[in-house]
Every structure is written in structure tokens, then in C-alpha cells.
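Okay, handing you the structure first.
Should a chain be cited, it is by its letter among A, B, C, D and E, assigned in written order, with residues numbered from 1 in that chain.
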Amino acid sequence: QDTVTVGAVEILSGPASGYGIAIKSGLEMAMDEINAAGGVLGGKNLALIVEDSAGNKDQAVNAARKLIGRDKVPLIIGPTLSNEMFAVGPVSNGRKIVTIGTSTTAAGITAMGDYIFRTALPEADVIPVTFKTAKEKLGVKTIAMMYANDDAFAKSGFDSMKAAAEELGFEIATIETFGSKDSDFSAQLTKIKSLNVDAIAVSALVEPVAGILLQARQLGLPETVRFIGGNGSNSPRLGEIAGEAANGLLVGSPWFIAKKDELNQKFVTDFQARYNKAPDQFAAQAYDTMKIVAEAIDRAGSAESDKIREALLATDHTGVMGPFKFTEGRDPASAEGVVVLTMQGGKFEIFE
Amino acid sequence: MTTLLTVDSLSKSFRGVHAIRDASFDVTAGKVHGIIGPNGAGKTTLFNLISGLLEPTSGTVSLNGKDISALPPYARTQLGMARTFQNIRLFSEMTVIENVLTGMHIQLHTPFWRTLVPFAGAEEKQAKAKAAELLELVGLADKALTRSASLAYGEQRRLEIARALASDPKILLLDEPAAGMNPLETQDLAVLLKKLNERGITLLLVEHDMRFVMDLCDQITVLNFGKVIAEGEPAEIRSNSAVIEAYLGPKVAERLLKEASA
Amino acid sequence: MSDFLSVSGLRLSYGRTEAVKGIDLEVRQGAVVCLIGANGAGKTTTMRGLSGLLKTAAGSIRFCGEDITNAPAHKIARMGIRQVPEGRQVFAEMTVDENLSLGGLQVGDSADFRRRREAVLDRFPRLRERLTQHAGYLSGGEQQMLALGRALMGGPKLLLLDEPSMGLAPLFVEEIFKIVADLRQDGTTILLVEQNAQAALEIADHAYVLESGRITLEGPAAEVVNDPRVIAAYLGDH
Amino acid sequence: MAEWLDDFFFTYETLIHGIGVHGLLALSMYCVMAVGQLSLGQAAFMGLGAYTGALLTLKLGLPFYVVLPASAFVPALIALLIGGPTLRLSGVYLAISTVGLGEVLRVIYINFESLTGGALGLSGIPMKASVSLIYALLLIALIMFWAVGRSRIGRAMEAMREDEVAAGVMGINVPVYKLGALIVSAMLAGIAGCLAAHSSSFIGPNEYGFETAVTILSFALLGGIGTPLAPVLGALVLTALPEVLRPLADFRLVINGMIIVVAILFLPRGVLPLRLRRSA
Amino acid sequence: MLAQQLVNGLVLGATYALFALGLTLMFGVLRVINLTYGFYFSVGALVALWLARSVGLPIWAVVLLGGVAAGLVAVVVDGVLLTRLRRTKAGELPSLMVTLGAVLALYSLSAIWLGTEIQRFPFDFVDSSAFEIGDLRISLVQILIVCVTFALVGLLFVLLHYTRVGLMIRALAENEDTARLMGINVDAIVIVVSFVSGLLGGVGGVLIGLNFNAIQPFMGETMMLRGFAVIIIGGLGDIRGALIAGVLLGMFEVLTASYISSSAKEAVAFGALVLTLWFRPTGLFGRKEVKRA
């Protein structure tokens, strides 16, 4: 046997396929680099089977089961969404198959079992950093909060925001919700406008965040009112869609496209060359994850799930996101790499 | 001579159109009672009021002395009333015999799980036999298994009658049963209706074929603009000047008179 | 002249059941031709075939020198063949007035249109009273008048009447036959299906008897009405 | 050999569960469509069953044989409550108002966080729904519907489907039949929801919305409603198709959609267009 | 704030109504629950986006051509999917199912082809300035949406109720065979209706895409539920009804969000509107089926 095959379950079709496709790109690029550099376990090729979940939890489970039962993979990367992970986790964990989420930031994921890991930094680690910066450097005191209340990812981000805000003694003027597929936020924003807050914290995926920014400016919300985003806002697409309206938004990120280190620069250039578009953090996290997995397989000296699991716990990797270790609880160990970014003229830059 | 059905000062209006105005009459048990009147006089509306498809604006309908004005249609059927529709309303996807079987709904009582037990469908078998008999009666026996939508117009009319008969009604309301039938078929229908009447079914009949009506009816009520303008035995009706003017026309009246004396 | 409407070897079927099994018909311009037959004989089917609502399985139909076999129904209607369908088929959710306008769609000239509309309303005063009412709420007989009026609005060259007297009060049945006679006076050709065979044969020039999809008898109406077979089968003992 | 079988079963377990559960949902759809109603509320009833079941298991630790009936009971109760007013509606009007039920429930699940977990849903539901249980229930439901369909009740239902007014005149108590059908269908959907929850360990508030409602309807439309078997067949096809087409990768949903189109174009009454045989 | 919220509600309601116009036409006349309608909405927006970006056409041309493109797609889709069913008189439900399958295929195909990432019109494509009256703000695009919606409602109403074509369209809606007997070229009218409803959907897609600045293949899908709600509440096939129901729905949502709770927005809006149905079972303007016993 001269290949080691791992599996991935991602959203490749349907409205949310953008995320899955970015992840798949990151994974495949990393895999090719690994193979070009001699593969794993002393010369075996690393192979990847990516199955589509279409964003549906049953299909995600079906895909995972197929990878485990038919393709006999020892390890699964994904699925893309937290909801899917909650359904897949018990199944793969029950079969003692390592499962690594690269984009699932909701609370409680890794608690599902000993075989469930994640490389995505939970919002709970990133948001306090952002909020603290906002308080210290901008003197924010009263904030309004908005989140997509039908989305597990956004909700869990919001929970972290609320905790951080209370911790820092912010006055919460109002909490507004919306649906993750909404495109009109004028009612909520008009209400917030009348409350004269210093900042607005938003937890949602990038599409609604962009809509909120555009409509806020359109409703004449002053530029001095800062937006603070969660993980969902951390995407170059925000600038593309919202343009100037996104100026001044703050977001904490474990990764930043313009990070100066050599590894990252190379990743960005290669990615751009290969896929003809800039990588986002989903691609970056996936890229690192694949590298982490390859290293773990090498260290395990075998492609058995149990051994990979042991090896993963001992991960000490430096990737495009920075240094990476797992905690006992199989979450990323530190939020040290988190930088606070701000949006200017459609591009992120480091907030000073 | 007991009164089976009583219509008492019944009125019905639709946003300004007074379709029935203060109509009253009795239908005697065991008789054939005709309702005639010009187009738009309110005959079908009257049937709809009697069978419960419409709620009267005022007035009452009683069956066997019991006020049934507030009962829904199915309850009236259970009390022994059945009807046919002027603009045919068959269950068009069903076969002919199934239409008839549906008409027997209130008489069948076998619980549904009995269909699971082989050879337990005695009641259903009887029902089918009876349905076949009714089809024989209306001359549709050979079409029992065709889809009712594919029947010709006149055949559909006869099926309507068979279906209505299936509930074993005490009183049968027929809205233009002979429409679309040729004179010979109409005669056959008259024979059929007489037979039914002899079996004790009271008939309430709307029809424009005067030969048919005069031949069959014991009593006739004439409506015009929703009002009862005349009532009586056929002989009285065909010579009633108001009826002749509003409805029959002199030529038909004359012909009827001639036929009656012949 | 005999080329006004001629049908030869016409076969029509619904799926696998053949309802009209190869009939020949001839209608001369200006004539009233009557088609009689028992329930299910195929009279309505024939009418639907002529007006193009049913595709012909075999045979040909020629009208005014043109082959209209399998021509689309709207073309046939525009050529001047108008059908008063069985069961009236008024547009229930439209007003009486709109129904009439639909009949006169092809009459471009609005003076002509108004004249025709007046003529129809004069003929059926009941419709004038109900002009703004939804046709679906009309009584059966009123709808029959509307269906006829609607066909007349089109100024037909050939009128296909499928049981026009059905559901009409005696006074009105007379009226219908009078209308048929009037129309013939005006030069309209009429193909008439009637259960009231006696009356129909009295005004018809020519008659066909249809039995189970085949023509079993034809001839001048005056002869057909006295044919013992017809008397026995359709006219009854009166 | 045994191992091979085990792997096979592992691979398709969720699919096998899914087909069974969807079969029950298809029957619940069939039940309302059989009386001529068009409901998009089946997903909502399913959600009620799922949440009821999951909560009783997770919070109260009740045994499954108590949980399952309870998750049929709650939707039935709701069906009874909304039954009165909705019975006046027909066709698409009814359908959209039942979508409203689903949307209202969704908002409740999202907002009653302390109980329902909000958007995070409920996870860690023990997998108590075995394949044999699911298919036994499906089989029982099928047999019942088949029996009802062949009886006078089935005839009455078909009559209502074709012409309610005429059916009423035949002595059929139309409102009671409609309400009964709605309640039975709600119970079935509730059971299906409970089984689904106990076979996937996680439920979320967005799983029972408009899309799911349309999916459930499509089981009946693809299969047909002439016999109770037809919608179940529709559920089988539509559930298995995305998995069967997995090798097509990106194009699998495209092909999936085209298969549906072609099937309906040539079989507009569904892939099993038969009618239940009643009269010999 | 109330004034601004009322404006917000009006604009949102107008977008709902705009979306619903073509849908109600298609539904009311062709009697199909056409799920591909959302796709026409997307097509309009995507074509317009392409024209604005690559060809650099001005806004009016982009709106028009986006609409025409969507109309043509609608004609083709209708021709391929529904003619056959119509000919066999298959009824509403099979056509629902066919369009369900088609929509799955079409969306997936366009997602493969175009990706699902949100795109937007160039930043300077429309004047983004807004009118300000005190605290009240309304942008040019919003005014455009409201005006176009009202204008289209007016035009469509006149078309359907006061023209010969409208008469033919309504006749066809009711009884195809009899319409043929009146000399109406049914196939041609069907094409006209598909085209017009596709056009309306496409124009809606362009304008709403401009307003929210979020264009992607699935954008129509998320509007469908609201669209159905609007046409049902307004009464199937009724143009005024679609307008009024759309505006009411928008107002309800906005006012609920601002004065009750944004998390109750959908529930209150849907709940209240379902209640309307309970009181008027065929929608605000829908007639009960004219059918006598």
C-alpha cells in the first residue's frame, strides 16, 4: 500500500458551498505540497477524498459513514458547519475515527468525544481580544449587539461577545437579531441609530455583515460608530462587497492575509497562482490542518486512527496561522497569534 | 297523506340578487312533486337550500316534521335525503361502480381493518351486488369499470341518479335529470322514476321537459323570480294563465292540452 | 358549393378508445344540418374534432376549400367556425359582459362589435340584466344563453351547436329554434346536435344519425323524421 | 464476510434510517393529500415530534416507549387546535398557512433557548431508534393505510379529494374526515421526527422549515398518491438519489434535479401511478 | 424614528411586492406553482451584473436587459418543462414537482459555473446619495424600487383588466379549451405570460440586487417563501393584492422588529398574516372560486 488516504466532508454544493470549496482548496494545496516533498510515512503519497454534504446534516453523516465504512479512512477533516459536526461527531467518534473541524467554532464541539479535534480557534478565545482592544484604544463604553439568531455559529459567537462585553463592563444598549438569510436590516439599524452607541458588535457570516455595514451607512449612522465583527467578518469578501462602508470595522483573527512572515507570504502567493483568487481564513486553516495531519501521521508512524490521535495531541506546528498546539480538550491551545485587524478602503490592515 | 318535506317561507339572496323569495310548499310522502319555472327562477337554489349546500337568508326546511335548516348536507343525507346535480358532479377519477359505492357510504359499517382479513368482506360484497343492480337499473351495467369522466353526458346523468339512489333515500331531489337525453331515453327515465316511486321513494323533480313533468308528477310548484306563482296538479298547472305566460308559452300549453286529451 | 364543409373518413379517439370510427359528413353553405344519436354515440366528439379541440386520428376535414385537418383550434375559430360547447363552458370567473367580449375578440371594428353585442342582448334580455355578474353565478339556462350569445358575437360562418336547448325552459326552447331559423335566414350555416330530435328535424335540411361512432342513416331531414327506425329509436311514441 | 456486512451496514445506516423515517413522513403527507388537502405543515409536526422526543429523553430521561407516543401526542394536539380554522382553507392557501405554523415554531425553538438550546439545537441525543423499530412502524403504517384505503373510508377520502361538495351530499362528514386526517398525519410526522432525532443525535431549529416541508411534499408528488406505497417509494428514491449519485461529485445535484424533471414529465401522476384496487 | 421605520417598511414591502408580481401572474394565469421563478430573479440580477461590469452599460439599460434575459429564460424553461404537462392537463402538483427538480438542477448548475460568492454592482454604478429630511433618509435606489413597483403594478393592472390581451390572458387562466374556441392562440399567450412574468422577476432581481448589493445564484431562492406568502395573502393572481400584501408584510416585519423584538419579527409577521387567511380564506383580494352547486 503506497498511499495514505484521509477523508473530508465539506459543503461543495448549494448556497453555502463557498466555504467548503475554500476549505477544499486549502486542503488540496497542502496535500500536493506534502506529496511533492516526499509524502508521509517515508514515501507514501497522501491522498484525500472530499465528500459533499450540501450543508445538510444527514448528507454530512452519510458522507462520513461512506468515508469510514467504504473508503476506510482513519481520519476525517470537517465537516464545514457546526450543525453538521454535531451530527457527524457521535458517529465518527463511535467508530474511533479522528475528526478534525477546521471551521467549526461553536461551543461544545470537542466535548463530543476523544476523537474530535478542531483547529479553528473558538470565538471564545478571539473575541475578548478584539473587545479589549476596542475598549482600550477607542474608549468604547456602550455597545449594541446584533447576531443571526438562527445560526449556531453566529449564536455561539454572540454568546462569547456577550460574555466579553459583560466582563469588560460595556453597557449593552440593545441586542438585535436577524435571520442568516435576511437582506434587510433597516429596522434594527434605525433603532440602534436612535440609541447613540459607541460601537456595534455583529456576529454573523460575511454576507449579512456586509449588508449591515452598507445599510448602516445608508441610514446615516455616523462613521464614528465602530463595528466590531466576529469570525464571520474575517473575510476579504467583506471589503469587496461593502467597500468604503466597511471602513473602521474591527475584527480579531488568528490569521491575516498580509501577515509578513515568509510562510504566509508564500502561501498567499501560491494560492493566488493556483486558484486565481486570494485565500481566506477558511483556506488558511484548512491548509494548516492538512500539514498538521501529515505531521501527525509521520509521528504516529502508522495510518491507524488511534495512533494518529495520540500523535495529534502532541502537535507542535508552525503554520501560516502561527504556532499551533492542541489543548487536553483537543481545542487550539492559545490565542496568542490573534491579531486585531481593521478594514480600510476595502482591505484589512493591522489595527494600531 | 303525510307531509315528508316542508319548505316554509324560505328566502335566499346573493348580494342583491333575490333568488328565492318567501317560498313555501309541502311535499307529500310517496308522491312525485315537480318544480318548474323559467331559467333563473331559483329552482336550483331551492334545491341547494333543501339539501343544505346553501344557508337560507330566512325561513326553514323540515323533514318529517323535524327542522333541518341548520344541518350540514351529510346529516341530511343520513336522514334520508339524496340529490343529483344540474351541472354534473361525479367523482370523475373513480370508476362508475365506485361512484355508486361512495353513495352507499352511510349504510356501510364494516371497520376498515376488516379489509385485512381475507373473506371478511361480506358487507362490501353485498354493497357491490347492490351497486351492480343500480347500474343495471340505469342502464350502465356494462360501463361499471370505466372511469366516470369518460362517460358521455347522458350517461353521466344516469350515473348521478344511480349514485343518489345508493344511499337508499326516502326523498330524492333530481335537478333536470332528463337534460341531454333524447325523447326515447327520457321515456325510459320516466319509467325508471315511476318504478322508484312505486318502491316508496318520494321524488322532488326539477325539469324543463314538460311532457316528462306532466306525465310523472302528482303535484307541481311553479316558481318565477324566486316566488311561488302557482301550485297544483298537472292539469291545473298547464291551464294556469300565469304559468303559461311566464313559462310554458301558448304553443307548448296548447300541445300539452292536446296530448292530455288524447 | 358542396365544398363548404366536408368531412371524410374522420376517426377520433380518446387514448385507446375510439369514439368516432370513420364518418363522412357534408354540410352545404346556408344549410342546417342535424346530427342525432343516443348518449355516447359520439356527437360531442365529432363536434370537438371539427373545432380542432381533438386531434384527428385519421380522415380529413375541409372547410371553404381549405384543408383544416388538425389545424389548431384558434385558427379554425378565426376562420369562422364557432362552437357552442356541450355543458356551456362559460368563463365562470368573468362577467357576462367579458364573456361576450371574448366571443367577439376577432371583430376588430368596434362599431360592428357594439352592433353585434346589442343584437345579442336584445335577443337575450336576461343577459342584459346580468351584464356585470360573474357568469359562474348564472343559472343553468342563463349560462346556455350566454354560451350561444358568445358564439354569435364572433359572427360565425359555421355554427356548431351542441345541444343548445338543453336546460332551457319551454318558451326558450322555442326561442332557440327561432334563432336557428333566423340565423339560417342571415346565411349562417349550422351543424346542430339535438336531443329534441323532433324539433331539430323540423327545421333542418339534412340529417345524420350517429350510432356508436358510425353514421347509420342520412338523408333530407324530412325523410329522416319519417324513417321508422328513427322514430323507434329517437323520437319515441308521441 | 461478517466484517464486510458490518461495514456495509455502518456505511448506509443513516441512509437506511433516513429512508424509513422519510417513508413515514411520506405517509403522513399521503394522509392529508388523500382527503384533497395540501399541507406544508408536515415538517412543523415532524419538528414538534423531534423536539418533544429529544427533550423528554434528554431532560427527563424517560424511556423510549414513553417518549415515542408522547411525540405523536403533542403534534396531534396542535393539529387539533389549528384544525378548526385551517379546515376552511383549501389548496395553496392551506399550504401557505401551514408553512406559517412551521415558521412560528422555528422562532419559538430559537428563542426558548433555556429549553431548546436556541440556534445551537439539542445535541447528544442517544441513538435509540433502531432500524428494526423504524421499519416495523413503517410497515404497520403502510398496512393500516392500505386497509383504510381499501375500505369505505378510503373511498370517502377519495371522493372528498375529487369533489367536497358532492362528497358531503353522499353523507360523508367532510370536516371530521379532514380533521381526522390532519391529526393522524401529525401523529405520524411526530413519530418520524422523534425517530429522526433519536437516530442522528442532533437536532436544530432550522431543520423543519419550508425546504423540509417541500421535500416531504415532493415524496408524495414523485411517488404518486394512488396507493400508500407510492409516496414511500418516492421517499426511497429521493432520499437515496443524492447518495447514489455521490460519484458524480459537483454535478450530482444537477443530475438529481434532471432525473426528477424527466420522471415527472413522463409520469405526471408519479412513478407508481396505480390506483388502489377496490372494486373487482 | 417612526417615520424612518415606516419608510423602511415601505421599501421592504415594495421589494416583496416587486418580487411577487411575476409570481402571482404566473401562478394566477398559468396555474403552476412555479418554483423556478426565483431563478429568473437571479438570472436578471446576474445578467445585469455582467452587463454593468463587463460591458459597462448604464442602469436603465441594465435593468431592461436583465429583465429581458430573465423573460427569455422563463419562456424557454416554460416551454421545455410545462408544455407537455399542460397538454396532458396534468394539474398543479406535477408542475410543482417538475419545477422543483428543475430548480435544483438550475441552481446547482449556475453555482458550479458562477460560484456562490456574493457579488455586487460597481460602487459608482448608481448615485448612492440619499435624500435627507431631518433624520429621515431614503436613497435613490430605494425611491426607484418603490416607484418602479407602483408603476409596474399599475401597468399590469391595466394590462390585465383593460386590454384585449388581458382579457385573453384571463380567459386562458380559466379554461384553456374554451379559450381556443374563442380564437385565442393559447400557445402564444402562454409565451407572452411567461415572458412578462420572467421579465418582472428579472427586473425585481436587478433592482433588489442593487439595493442590497448582494448578488449570487441562490438569491432568488431565499425570496421564495416571502413571495409565496405575499401572493397567497394578496389573493392568487391579483395584482393589487400582491402590492398590498407585500407592503403590509414589509411594514409588519419592520414595525415588529423595531417596537416588539427583532427575534419575533418573522413569527409575528407570519402569525398575523396567517390570521388574515383565517378571516379571508382566499386572501385579501382572492375571490372564492366562482362555482355553484
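The rule is short, and it goes like this: contacts are C-beta pairs under 8 Å (C-beta built on N, C-alpha and C of every residue); 3 or more make two chains touch, one makes a residue touch a chain.
In this text, all values refer to a predicted model and were calculated from it rather than measured experimentally.
Each step here moves to a touching chain, and the least such steps from subunit A to subunit C number 2.
Counted as hops between touching chains, the shortest connection from subunit C to subunit D is 2. A centroid comparison over C-alpha atoms places A as the chain most distant from subunit B.
Relative to subunit C, the most remote chain by averaged C-alpha coordinates is A.
For this pair, subunit C with subunit E, the centres built from the Cα atoms lie 42 Å apart.
A separation of 36 Å divides the Cα centre of subunit A from that of subunit E. Distance from the subunit B centre to the subunit E centre is 48 Å, each centre being the mean of its Cα atoms.
Subunit A and subunit B, compared by their mean Cα positions, are separated by 74 Å.
In subunit A, the residues that touch at least two other chains are 13-14, 149. Looking at subunit E, one finds that residues 108, 112, 263, 266, 292-293 touch two or more other chains.
Among the residues of subunit B, those in touch with two or more other chains are 44, 53, 85, 87, 89.
Across the complex, subunit B meets subunit C through its residues 14, 17, 37-41, 43-44, 86-87, 150-155, 158, 176, 179-187, 208, 210-211, 247-249, 251-252, 259. Of all residues in subunit E, only 33, 35, 81, 84-85, 88, 90-94, 96-98, 100-106, 108-109, 112, 224-225, 228-229, 232-233, 236, 263-264, 266-267, 270-271, 273-274, 277-278, 281-283, 286, 293 touch subunit D in the complex they form.
Note for the complex: subunit E touches subunit C at residues 164, 167-168, 170-171, 174-175, 177-187, 287, 289-292.
Across the interface of their complex, subunit E is touched by residues 38, 85-86, 88-93, 96-97, 99-101, 103-104, 106-108, 110-111, 165, 210, 214, 217-218, 221-222, 250-251, 253-261, 263-265, 268-269 of subunit D.
Taken in their complex, subunit D has these residues touching subunit B: 143-144, 147-148, 150-156, 158-159, 162-163, 165-175, 275, 278-280.
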